[in-house]
Each structure stands twice: as C-alpha cells, then as structure tokens.
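In the two assemblies presented below, chain A is common to both, partnered first by chain B and then by chain C.
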Partner chain A sequence: MKINFKIIAMAKVACAGKCDSLDEKRIVPKMMLRRRLTRGSRLMVYLADACGFSEGAVVYGSAYGEMQATADIVGAIDVNEPISPTAFQNSVYNTAPSYFSLLHKNKSEILTVSNGNATSRNVLQTGALQAVTTGKDVLLVCCEAINIPNIDEVNSCTEYLESGVALTLVPTDEEANVEVAELEHKGFAPSLWNMLDVLIACESQESAVVALEL
Partner chain B sequence: MQKNRVFVNAYESLSCAGNTAELMEAIYAKKSAITIDTSYMTEHKAGLGSFAPHELFPSLISVTQAVLDQSNLENFNETLLIVGSSVGGIGKSEQIFFRDKNYKNIDPKEHAISVLSDTLDKAFSFKDSRSISTACTSSANALMLAQRLINLGAYNNVLIVGADALCYTTVCGFQALGVLSTQECTPFQTGREGMNVAEGIAALLLQSSQTDESIELCGSAGSSDAFHMTNPDPEAGGAISCMQKAVENAGLKITDIDYVNAHGTGTQANDAVEALAVETLFTHNPPMSSTKAITGHTLGAAGALEAVIACEVIKQQKIAPQTALKEAENTTVNLPSETYEQKINYVISNSFAFGGNNTAVIFGAVK
Partner chain C sequence: MITTNKLKTELIELFNLEGVHVDEIADDDHLFGDGLGLDSVDAIELTIFLDNEYGIVFSNISESETVFASIKTLQEYINKNESN
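Up next is the complex of A and B:
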C-alpha cells in the first residue's frame, strides 16, 4: 500500500571520522545531559535541529546501534573490570531518540528500527505508517556511528564512520511529484541508502511529495 | 475509514518455563522457572531464566515452524515478518571477542539485530521483514505496528517474533545498574531485591481473518516518559498515558479491562511506578500480576511472550496469580495470590523500556 507524503524538511551529515561541528552546546545547553550523549545521539539531535523538529512521533534507525557503548561493555567484561552503568544504559538501540525525547520533553511515540542494510527502508515504511496513524509530522532519522578504535578490523566499505540522514514528513492528498531512484551512495553505510535516495530526489523540488510504501 | 480487525490465530513460545503449555502450567501452579547462576559472574549469584539446552537460532526456527503448523497458511510467502529484539546477535560477538581479543572474526551481519530476521527469512521466505529494537518494548512495539498495518489493510498476515538470548552484556550490565536479584524475583513485594534476566522466544501470527480459535488484538499505544534514561517517571505519566491511549484505541472503557499483565520486573523503581499507574487509571481494581516471577525478564522478547500469556489467560478464563508475593508494597492494587476462574473479556499487557519507552497492548475474546 502506497501513500503520498509531503517532505517538510531534510538534513544529512557525514564525516570520515568524528563529526566535530554538531553545535552541541547550543542544541543541548545542559552540560550534564550533553556529557552523557552518545555519538549517535549527537548526530540525532543535530539532524532533528536541522529539520526544526522538537515535538512529535520519531522513527529512528541504525543497523549497528551504539557501537562505542557496546565495545566499552564487552571490553570491561573481558578484563574483569566493572561496567559503567552509563555505558549500559547507553547501549540500547533506542538511546539516541530517547535522549532527543529527554532534551525536548517530547512524550510522543518513539520507535527504533534495526534491520541491516534494509534499515532506512524500514524507517521510511515505519515512519510512513506512523504519519498515517497520527496524521501529524513525523521525524525519521537514520544514523550510523561506527567511529570506534579498531573498527577497521570489521569495516572495509564504509568511509563515513559518522553519518546520518533525516526527513520530516506528513501525509498529503497531493500528487507525488518526485521519482525516487535507488542509488549506490559510495562511502555511506548501506543502511542509510534508501533514505538518502529520498533526500536526493527531493533536494531539487521546492515542495516535494513522494509515494511511500507502508 | 473502516478498520480491519486484527486476530491472533496461532502462537508458540519458548522460555525457561518451557513451551506455551508448560509455561501456563507453571504460571497457574506458581512455579518459578528461574535458576540461581554464577556462570556469568563468578563472584555474584544471579537469578536467571535460561532455556538451555535449547539454543537461540534452532529454537527460533522451531517456534516459528510450530506457529506455521498451527495456522491456516501453507507458508509465509505472503506474510510480513516483524521481529522485536534488544540483543540480536551480540552473544556470538562477545564469545569471539573474549577468545580473540579483537573484532577480526566478528561478522557484522551476525552481530546485528537483523541476524534474527535474516535467519527466519532464509528459513521461511517471508514477503518482507522488519525489525524493531526499543530495548524491553521491542516486541510489544512490533505488535503495535502489526495491528496498525492490518487495521489499514496494508497486510493480511503479519508474524511477530520476539527473541532475546542471555549474554554477558545484559547479565553484567543489569548487575552494573544494581537491579539484579540474587534469587527468584518477587514483583510488587515489599523490599524486593530486583529482576531476573532471562531468555525467550515468542511468535504470534496476526491476521485480518478470524478463525474458531482467534483472540483479538483490540488496541495498542505507546508513549515516552521524557524523564530519565533508566528510571521511570515517578508520577507514572508515561505508563498511564500509554495504557489510557491503548484502551481508547481499542474502543473500550477503562472498566472493561479484566486483567492486567504487568511489566512487573521486580525492580524497586518499575514496580512502584507501574502499581501507581494501574491504581490511578483502573479504579475498578482489576486483578494484576507479573508473570516475570515465572519467566524472568526476557527483554526484547517480553512483549511477545506476555502477549502469548494474555491470549492464554483469555482462552482458559483463568486469572494468573502473582507468584512469590508475601507482602505487597502497594496495598491498593489487586494482586491475586491464587489462580481463579473468572469471566475475562479483555487483558492489557504492559511493556516498559530504557529511554522511558512505554507500550500497552490489549487482547480480547472475539465478539
């Protein structure tokens, strides 16, 4: 089932290493909260800010989740050291959108998708469903933050070790005016590709309307 | 717009209490299946729920096959798969890292949450697959999405699978948070010690068509606490909100709820807040219990496992008692000490997770 959606805002970020310009001090003024943010959370709040979104349902996606927290936990267990409680609470896949909800006191539904290379396709499908269900704007974010020590032992194809893409959409009765083509986005994790396809297709259109599968 | 109704037409599960029939027997007999374990933390005892000698991946397939065998389908080729998991394949990655002291032999595809949907898709060839990972609400959220997709007519068949296995990260991680119990957990008990981490698999086939054995998935809703990453909102705002919205989504009145299958982990914070939420919202005081006293907390699988329990409670028309309760902390809520028969039309099942992620799902006898 396909339904048409107006793309209200979009943003992306990609860095070969650590993204240094995420404007965290302005976006997250409370130092205690800012200090706890994972890399994925920093990407997420940056992208949400770029989309001007602070209230409403959120669908977040990541194929690999919070890699640094996971590595910290497994590393500590291996050498029989205590696990940081913060690392454990930050290790779940919904960490980034949960920090977003704390930051903005956003009590709306949050869903997190993780389905390998199909992750951003699933985010689009789930986001579309949430937008139809609520009838309101929904924020879709897909991020990968794999910039951890020794990641080259398992990563050979992703150049942008920190990357993310965001879209806000709302259902519309207007006709679709954008064709979305499936492209290869070299350097980006494949888990982001389907959302990058939509972003690229909509970039040149002032009021983009796309048809998305639920 | 007319919404398609959603029917649970087949289900099966595996937990430390065994398959679904064995699980319900244990619940009604108040026999905890938790074992006291030191294999993950040699210096600390922990009550854990293990389904050994069964293993995650073969069991994932056998539980799913059991649902297919019960169903009116010949295969899952026209069925959407939605997996809910918190842990995915991390157990295997841990073992490789502990052995090699590096990541070189870790296959990212086998580490990720998607290893579960990939495994099932390879075995059963689903029409499409998705996977949700919102920690301990993962499979409850999968149920919520499935309901919405069927309501809209986007799919006629959706298989929900909740699955998580025990691993060092979760056992040691909950120990680091100071919330693990050294004994069988005692949900809602005064002075309770904490939770039991456990493993479980549960699969439910949701369809737009009704059978003689159907239970209806009537409503669901989610909310966020926006309060703290691990502690629930002490005023229970998020928990109340998702339960209230689920009741509205089901087109019911608050007083229609006959039994609450609580999230009830056995931690100080969760149980106090959940009891407050139920006390505040359900003033007709329906019976409530946490079956985690039998199964432990199966994390991302819990929503699906407790959905199976909710369906069984409706089919058997018997209230699940609160195992291991001697003295309730909250004396207002109705925590039944024994199994008893009662007319049960509607059951609400709660799931709450890290990040203040809350989901409530309502099941009902078909009318």
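Up next is the complex of A and C:
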C-alpha cells in the first residue's frame, strides 16, 4: 500500500574523513553532554537541527552502528583490559537518537533500524508507518560513521566515512508531485541510498509530496 | 611522582573536557558534583584509568569516595600507591 507524505524538511551531510563543522557548541551547549557524543550522535543532532526538529517521534537507522565505540570495546578485550563504561553505553545502535532525546528532553518514541544496505529503505517504511499511526511529523535519520583507524584495510567503496541524511515527513491527502528513482549514490554507504533517492527527488520541489510504500 | 597539573591534563583528556584548561581547575576542586561535574559513569572510568595507568585497585568503595574527593586527594593517593 502506498501513502502520500509531505516532506517538511530535509538535510544531508557527507565528509571524506571527520566532519569538522557540525556546529556542536551551538547545538549542544552543555559541555558535559557534548563531551560524550559519538560521531554518529554528532551527525544526528546536526541533521535534526538542520531540519528544525527537536520534539516528536524519531526513526533512526545505521547499518554499521557506533563503529568507534565497538572498536574500543574489541580493542580492550584484545589486550585484556577492562571495558570502558562510556564505550559500552555508546556502543548500542540507538546511542545517537538517545543523545538527541536527552539534549532536547524529547519524550516521544524512538525506533532504531539496522538492516545492512536496506537500512534507509526500512527507515522510510518504519517512519511512514509511524507518521500514519500518529498523524504527526516524524524525523527520519540515517547515519554512518565508519571513520575509525585502519578502516582502509576493509573499506574501498565508501568515500564518505561520515555521512547522513534526514527527512521530516507527515501524511497528507495531497497528490504526489515527485517521482522517486532508485539511484546509485557513489561514495555513500548503500545503507543511505534510499533516503538519498527521496532527498534528491524532493530538492527541486518547493512543497514536495512523495508516495511511500508501507 | 605525578604533579597536580599533570593529573589535571590527564583528566581533561580522559573525560574529553573540551574547552577546560589546566589553570582553570583548582587543586581542591571536587571531581564530582559542583567541581568538575563528573558523574557515576566517570567514576567507573576513573577507576579503570587508575588501574591501567598506575596499577591502583581499590579494595572497597568507601576508600574511593575519599580519594575521589578532589584533585589534590587523588594526586596524593596516586603518589602513595602507584605500582606501575
């Protein structure tokens, strides 16, 4: 079943290495919270801010999750050292949207999706269902932060080691005015492609309405 | 022997206290609460740090509460008990 959604806001970010200008000091003024943010969390709060979204339901997706925190844990196990509690709490897939909720005191529902290359497709489906269920706007975010030491040993296809895409959508009775084509987004992790498809299709429309498959 | 300034530098790096400089931290500043503002997760992180870097393992919780009172008490304890 297809339902039409109005795209209220959208944003993307892509950096070959570490994204240096994510405006963290303005977005997260409290240093004691900012100091714990993972790279994925920094990307997510930046994208949410770019979409003007601070309150409401969030669907977050990442194929690789919190790579640095996971690498820290594996590294500690490898050298037989105790695991850092910060790395432990930062290693879960919903770390980024959780920090977002702490930052904005957002008590709305958070859903986290991870399904390899189909991650952003599933985020779109889950977000669409969430928007239909609640009738309110929902923030959809997909991020990948794989910029860890030695990543070049296993990565040869993803140019943007830190990247993300965000959309805010709400169900509408208006006709769809945008055709979404499935494209190959070279340099981006494939887990972001389906949301990038929507973003690119909507960029040229002032008030974009897309039909999404539930 | 570790100096208070060296310890402050290590704590700033350990806890990623961006924008905080050594000369802004007083020797008698509390580590938790109204001092540096560290929390319970940081307490575990600090315990692991002391073990890894100085070979210090606390035998009971109440001992660590006293040691973690301030920069000065921590520095004195490290200098008295380090084994690495």
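The definition used in the following text is that the second predicted complex is superposed on the first by the 214 of 214 C-alpha atoms of A that agree within 3 Å, B and C clash if a C-alpha of one lies under 4 Å from a C-alpha of the other, contacts with A are read in each partner's own complex, and residues count from 1 in each chain.
Basically, contacts are C-beta pairs under 8 Å (C-beta built on N, C-alpha and C of every residue); 3 or more make two chains touch, one makes a residue touch a chain.
Owing to the predicted nature of the structure, the values given are computational and were not obtained by experimental measurement.
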| item | value |
| --- | --- |
| Chain C versus chain B on the shared chain A, clash or fit after superposition | fit |
| Chain B versus chain C as contact partner of A:E81, first or second or both or neither | second |
| Touching partner for A:S163 - first (chain B), second (chain C), both, neither | neither |
| Touching partner for A:T112 - first (chain B), second (chain C), both, neither | first |
| Touching partner for A:L102 - first (chain B), second (chain C), both, neither | first |
| Comparing the two partners chain B and chain C, which touches a greater set of residues in chain A | B |
| Which superposed partner A:Y64 touches (first chain B, second chain C, both, neither) | first |
| Arrangement angle, chain B at one end, chain C at the other, chain A at the vertex (C-alpha, nearest 10°) | 80 |
| Which of chain B and chain C A:N147 touches, first, second, both or neither | neither |
| Partner chain(s) touched by A:R34 [first = chain B, second = chain C, both, neither] | second |
| Touching partner for A:S120 - first (chain B), second (chain C), both, neither | neither |
| Minimum distance between Cα atoms of chain B and chain C in the superposition (Å) | 7 |
| Interface residues of chain A shared between complexes with chain B and chain C | 36, 82, 84-85, 89 |
| Complex interface listing, chain A residues touching chain C | 31-32, 34-36, 81-82, 84-86, 89 |
| Residue ranges of chain C touching chain A (in the complex, touch as defined) | 15-20, 37, 39, 41, 44-45, 48, 51-52 |
| Footprint of chain B on chain A - complex, ascending | 1, 36, 63-65, 70, 73-74, 77-78, 82-85, 88-95, 97-99, 101-102, 104-116, 118-119, 122, 125-126, 129, 132-133, 150-151, 153-155, 214 |
| Interface residues, chain B side, partner chain A - complex | 86, 88, 90, 93-94, 97-98, 101-104, 106, 108-109, 111-114, 117-118, 129-135, 141, 145, 148-149, 152-154, 168-169, 172-178, 221-230, 237-238, 241, 353-357 |
